[in-house]
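I've put the structures underneath this note.
What follows is subunit A paired twice: with subunit B in the first complex and subunit C in the second.
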Partner chain A sequence: MVEGKSWRNRMFDGVNYVILTLIAFLCLVPIIHVLAVSLSSRAPAMGGFVTFWPIGFTWENYIKVVESVAFYRAFLVSVERTLLGTLINLLIIVLTAYPFSRSPHEFKGRTFLLYVFMFAMLFNGGLIPTFLNVRNLGLIDTLWALVLPGAVQIWSIFLLMNFFRGIPKEIEESAIIDGASHWQLLYHIYLPLSTPVLATLCLFAAVGHWNAWFDGVIYMTKMDNVPLQTFLRTIVIQLDMTRMNLDPKDLVLVSNRSVRAAQIFVTMLPILVVYPFLQRYFVTGIRLGAVKG
Partner chain B sequence: MKEPRITRRDFIRASVLAAAGATLTACAGQPTPAPTQPPAATAKPAATAVPTAVPTAVPTARPTATAVPTAKPAPLTAEQLMVKAGLPLPGLPDQGWKYTFPDLPPGMPMDPPLRITTNRIVGSDVVFAQGDDIDNNPFTRMAKALFGIEWKHKWTAGNWDDYTTKWNLAVAAKDLPDTAIYIGGDLLVNGLKAGLFADITDAYENYASKKWVKDVFARYGDLPWAYARVKGRLMGWPYVEQAAQNDKVMWIRKDWLDKLGLAVPKTLGELYEVATAFRKNDLGKGAKGTTLGIAFQQELVSWYGSADPIIGSIAGTLPNFWTKNDKGQLENGIINPRMKDALIFLAKWYKEGLLPADFATRPTGEAQKLVAGNLCGIHFTPHWDAGWGCGESKQNDPSAEWEAHEIPAGPAGKKKMWSNPFGASIFPLRAGLGQAYADAYVKQCSWLVEFFEDPEKLPGGSYQIKGVTFDIVDGAFKPIPNVHFPKWVPGPILGSGNGGVDPERAYRHMLKTRSWKEVPEDKRNPYQKFVLNDPAGNQERYQKAFLLNVSVSEQQGIKNLFNAPPTQGMVDFGAELNSMWAQTWTGIVTGQKPASAFDEFVVNWKKMGGDQITKEVNDWWQSR
Partner chain C sequence: MTTLAKTSAVRSLATQTSIRRKAMSYLARSWPLYVMVLPGLVLLLIFNYYPMYGIRIAFQDYNPALGFDQSPWVGLKHFEYMLKLPTFRLLFRNTLMLAIGKILFLQVTAIVLAFMLNEIRMRVFKRVFNQILYLPHFLSWVIVAGILLDLLSANGLVGRFLGGLGLNSFMFLGNAAFFPWTVIFSHVWKEAGWSTIIYLAALTAIDPQISEAAAVDGANRLQRIWYINLPGIAPTIALIACLSLGGILDAGFEQIFNLYNPTVYATGDILDTYVYRAGLISARFSLATAIGLIKSTLGFVLITLAYWLAAKYANYRVF
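On to the complex of A and B.
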């Protein structure tokens, strides 16, 4: 039906491409600006001269970031929590979604448990009780405080559960005839068929962990233990002289826009790097669905 | 953790010896906390009598203690204690750069040490030397050696919002640190209501230095204790900034004035002419035709590119400043009829492009970009901008010559905001701690004040340790960047870097360092050489602006007479009234509203809660 495209259709496509390219560019603009500022020397950055091309090109800001022990430490905490947290999240999601995808007939009490999960998804304990609970469990100042309170991602469990239920029963039955146990079913049938959704959930979990800052604020008593996003709040937050007088000598230090830009860019980097690799699975997923359909 | 073990052993030895001493002599040995008789004196000779613990630096104390147990040896001085604890002395004593430690407060150092927990904000400005951290650094080691206080940070936060969150959680968990920093606003009002804070009145009366604390506070009347005093009792230590810290000077480009053959403007009329000339000749470094009259931002009265000198000089009062009106009552400057003239004045400037077109959306900190980016030749900003906006302006344009001058005069004379050095937050202690904590806290504060605010004791107003905050390279002083001693100190004195008692402390230190110029060059010590070395002239520019600011502060400053937590009316109506005011003034200045909108605003302001607030403020004024 390629010939069937009228000029109107093609026109429509063309306009679409232009608009979407523009929107994509709009998303890129702030990143390019931050990159340009981070590669500029201090004075032009402070003067607001830098737009999309660095002025007075220098690596100095990145060297300062890499040399900063505090930044490095926070970066490490973030990497640790993202790896460990994503692993725990996915493990729990998969192990919970599978039994929930069984029929109530197979899994007694499924409906009741589902409601319990649903309830926990809609209502949470509130900030102070949650904090007290974490504190009484002795998790304060440990990596576990960043990982365990959000370990059970109910929304993701429901998503995967529904995906599992969409997989044709026939495949499962064939495996059962071959003598597969539940573990084998999960490992050999369900997981390989759900890579696209798993990749998505993995990305959600990882980005969620990477971007989280509030738990770092409330559960960590030392700045040495906070993740990167919490640490960044010490430098990105706007200068506010109405609440406290800074020592004038510090203004020069606190307001260094080019170093801040470098820190922000380094923070963006891991997700920017990880994204294309996971995106591959999205594409595969779509193709998989299309063939089956 | 070697330290506690040593302490315990010391303590046991101390008690044994004290007991022995008590049996031998009837007079000594009772650990009574009389201010004149240091209770730790009984423990000290014991500690010095342990040969292994005594370095050679205290030769006098030992023989006395061992030979004649009945005679009381002189307690060690602060300096001796530092040496005994193996801590480096500040400066370079052998090169004539000496610090004089004040006498220690009675009963200090405490033995066993008292552990005090605290909290604080740790921004990127807090940098530690290699191997140090927030609970173990030159200050905490010094506090342990000199006061017998072990500082421990219960928690730290990265910024104010996070600090508030953590404080509220700590209140809910009933797990407050022993002392806290900067409790103001809601935190203060709620904390007082819930009885979270200890009464430190007795500790203050007994142990605050008369000369360095009480007499200084007395000079300022009600102001120092405006927030900490409740029903005559002191519920915390006030936070005191520098005098004139946020008073504005007129920064002006001398090179631009010279280029156009203009003189420094003395009146608002002349200011207008100069600003217009700068704009017409497009002297700025930005794109063509972008030169502005002055730097400006979204809040009228703020800390950078502020309009308070203009408004003050026209209206004689400032928005949200409570000043006396003709009837002798307090009135908010927001409704002063002359405020209308000020807005009309600014509207004219805006219309002619002398104010940035986007000022209404420009945060205060972003006004600095206009200066650093050389888009304007005049701005009203405190003296400290010498090294910030003005300094960066010079980096972007080497011909930039900023000079600080007195603000121009208007119909009301030369009037600007007086920055109140006594902040609206206090440093409280947790209720139920016990008197020992309050005493120790006050003693430390008092001692630090005496040390850090006396130019004779602390040269240059700066505590420098070799190898930590500075190095000597080829015989010259070289600072280690970003490492500052005051940043490590918990509490209201020094604190995050500039707290104290006497608002004029920095001024005194500056006068002292300026007097070093009279020392012949070959007689100067490395630090003096470093301080006086100012090739770019930044420091001279800063100091001149500061001296100017201090000299005119009292005479030109408009004081806000209302210094108390917000009244009920302010809590109920304040936000709405302020947003109404913001809309009115930006509307008038940008020309979207006629000047008559101001009269309408005044009527509405009174009706919508303003009258009630005025009454409350005047009631407070009467009841003081």
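On to the complex of A and C.
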């Protein structure tokens, strides 16, 4: 666009940049502060002297976190649930989206089944019946309790279904004439054409699993089985040592502010690492799905 | 047998075989579609639909030892009790106030931010700003609340700053009058950048020629934003407003559960947190289910209404 170089225009741009820079700074301040505290030694952190730069720089806090068996165990649970959970999510999304993307003529009962899925998105049994159901199934204190109740991501299914339907039919026509089955169409034509969407859905599912904590609160009775976010919650929000397995070495995880900061940072690190990839894909995802909560 | 009957019998046999043949050829081609849907459908029935069957315990005195089927029926006892509960109205009011406050402040902030980001011409800066502003959306509420608790502690970053002004930072999480604002602003902090995406997409869809023509006619940039960009994204604003209606009973359980404490129940306790405490802490399963049922029924009506409005006025389709 042709923009005049008048002082008013420059003023406008200048003010705009300054305000946006301040807002961006406001977004990062808490994260930078946590990082600075986590790299500071105990006394200045506890005394509240650290702002954006570590005082008495040390890796000691991270070493304490890494050496803690309890933290390591929770980290492992989170890794397991993220890998297994994302795999199941994606499998269900692909397998369900494909039949739904076919015409009702090819897939009789499509409309009915679509409403069955749609209704489950709009209405739920509520917290207590859901909890009792998982308990009655004997899933308490197993990894399955973190992975199966949310296995069917209805919104993502609809999103991929809409994408599949947007692929021109001419592409599959010759394959159908050659006698390709639905499995072959899905595997050889639809999946290769939708890798960016699949990447988006995969990353969203993975981030969702990594960040989930409430299922760990209600479905896990032993601290040993809890995922990292739930573990972190006991430490930085409940400040509760009684639920720890009373390993005296682990008390420092709760009582020491800079060790707490180190745990917060380690817990968000995987998100920060995949963030550049998320960046690349999520705008595609959002554009496809218009709005996702 | 007359010839007429004979021919009709032959014909019906023929149609039968042709129907069967059609069905066979349909199945030969389409059976994989049913196999594909099956895993998702089974999981949906077990983890989404079976709990709906469990809603019946709202009308029972549920006893875990007796299960869903054997527990004694008590009719509307829990609903009557709930309506007499003085906290029930409070919970409803808190839920609505927090949810509506969050929607209003978030969307207004997001719209203003989108306008500001849209005015940036340099691509590099646009990307950097976007990347930074989207980041908080991807952090869990445990992390954000954990950081916030630290910032607001007596010698936390905000606490020190406010202490310098002679203020006590505990009021944000320990004072019922301030707590809703803490909830609203931490929500805006986390989601404002992310919420700009839909508005930015709408802004880029506006034909730049309109703006150029207006510039030639002497409209300055604020005027162009006000008279061209704002009407340009009005349909998007209407869409978001419609869809937001579906969420006015969702005050954000994950956020409030991690931020609240008994001193702020007067303004911070919402339906979802009460259901959690009544059901899973006090083990009053039936009462908690009854309250949850009221909420999910109203929620269902609201969301359906929201989708209907969005389809009618903003051409929005889920599928």
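Going forward, the second predicted complex is superposed on the first by the 230 of 293 C-alpha atoms of A that agree within 3 Å, B and C clash if a C-alpha of one lies under 4 Å from a C-alpha of the other, contacts with A are read in each partner's own complex, and residues count from 1 in each chain.
Definition applied: a contact is a pair of C-beta atoms (placed from the backbone, for glycine too) under 8 Å apart; a residue touches a chain by one contact, two chains touch by 3 or more.
Given the structure is predicted, the values throughout are model-derived calculations rather than measurements.
Undergrad: Go through the superposed model and pick first if A:P44 touches only subunit B, second if only subunit C, both, or neither.
TA: So A:P44 only meets subunit B here.
Undergrad: Subunit B or subunit C: which reaches more residues on subunit A?
TA: C
Undergrad: Going by the contact rule set out at the top, does A:L22 touch subunit B (first), subunit C (second), both, or neither?
TA: A:L22 contacts neither subunit B nor subunit C.
Undergrad: Of the partners subunit B and subunit C, which touch A:I177 in the superposed model: first, second, both, neither?
TA: neither
Undergrad: Would you sort A:R233 into first (subunit B), second (subunit C), both or neither based on which partner it touches?
TA: both
Undergrad: After the superposition on A, what does A:V273 contact: first (subunit B), second (subunit C), both or neither?
TA: neither
Undergrad: With the two structures laid over each other on chain A, which partner does A:I218 touch: subunit B (first), subunit C (second), both, or neither?
TA: Both: A:I218 reaches subunit B and subunit C.
Undergrad: Touching A:F131 in the superposition: subunit B (first), subunit C (second), both, neither?
TA: It touches subunit B and subunit C both.
Undergrad: Does the superposition put A:F117 against subunit B (first), subunit C (second), both, or neither?
TA: The second partner, subunit C, only.
Undergrad: What residues on subunit A does subunit C touch that subunit B touches too?
TA: Common to the two interfaces on subunit A: residues 47-48, 127-128, 131-132, 218, 230, 233, 237.
Undergrad: Would you tell me which residues of subunit A are touching subunit B in their complex?
TA: For this pair, the touching residues of subunit A are 42-44, 46-49, 70, 127-128, 131-132, 135, 217-218, 221-224, 226, 230-231, 233-235, 237-255.
Undergrad: For the complex, give me every residue of subunit A touching subunit C.
TA: 1-4, 8-9, 12-13, 16-17, 19-20, 23-24, 26-31, 33-34, 37, 47-48, 51, 91-92, 95-96, 98-100, 102, 106-108, 113-114, 116-118, 120, 122-134, 136-137, 148-152, 157-158, 161-162, 181-183, 186, 207, 210-214, 218, 229-230, 232-233, 236-237, 257, 260-261, 264, 267-268, 271, 275, 278-279, 282-283, 286-287, 290-291, 293
Undergrad: Taking the touch rule as given, give the residues of subunit C at its contact with subunit A in the complex, in rising order.
TA: 26, 29-30, 32-34, 36-37, 39-41, 43-44, 46-55, 57, 64, 67-68, 113, 116-117, 119-121, 125, 128-129, 131-136, 138-151, 153-157, 159-160, 189, 193, 197-198, 201, 208, 211-212, 215, 220-222, 239-240, 243, 247, 253-254, 257-258, 272, 275-276, 279-280, 285, 288-289, 292-293, 295-297, 299-300, 303-304, 316, 318-319
Undergrad: Per the contact definition, I'd like the list of subunit B residues that touch subunit A in the complex.
TA: Where subunit B meets subunit A, its residues are 122-125, 133-134, 153-162, 165-166, 169, 172-173, 175, 182, 241-242, 245-246, 285, 302-304, 363-365, 368-369, 372-374, 382, 384, 387-388, 391-393, 395-396, 423, 482, 484, 496-498.
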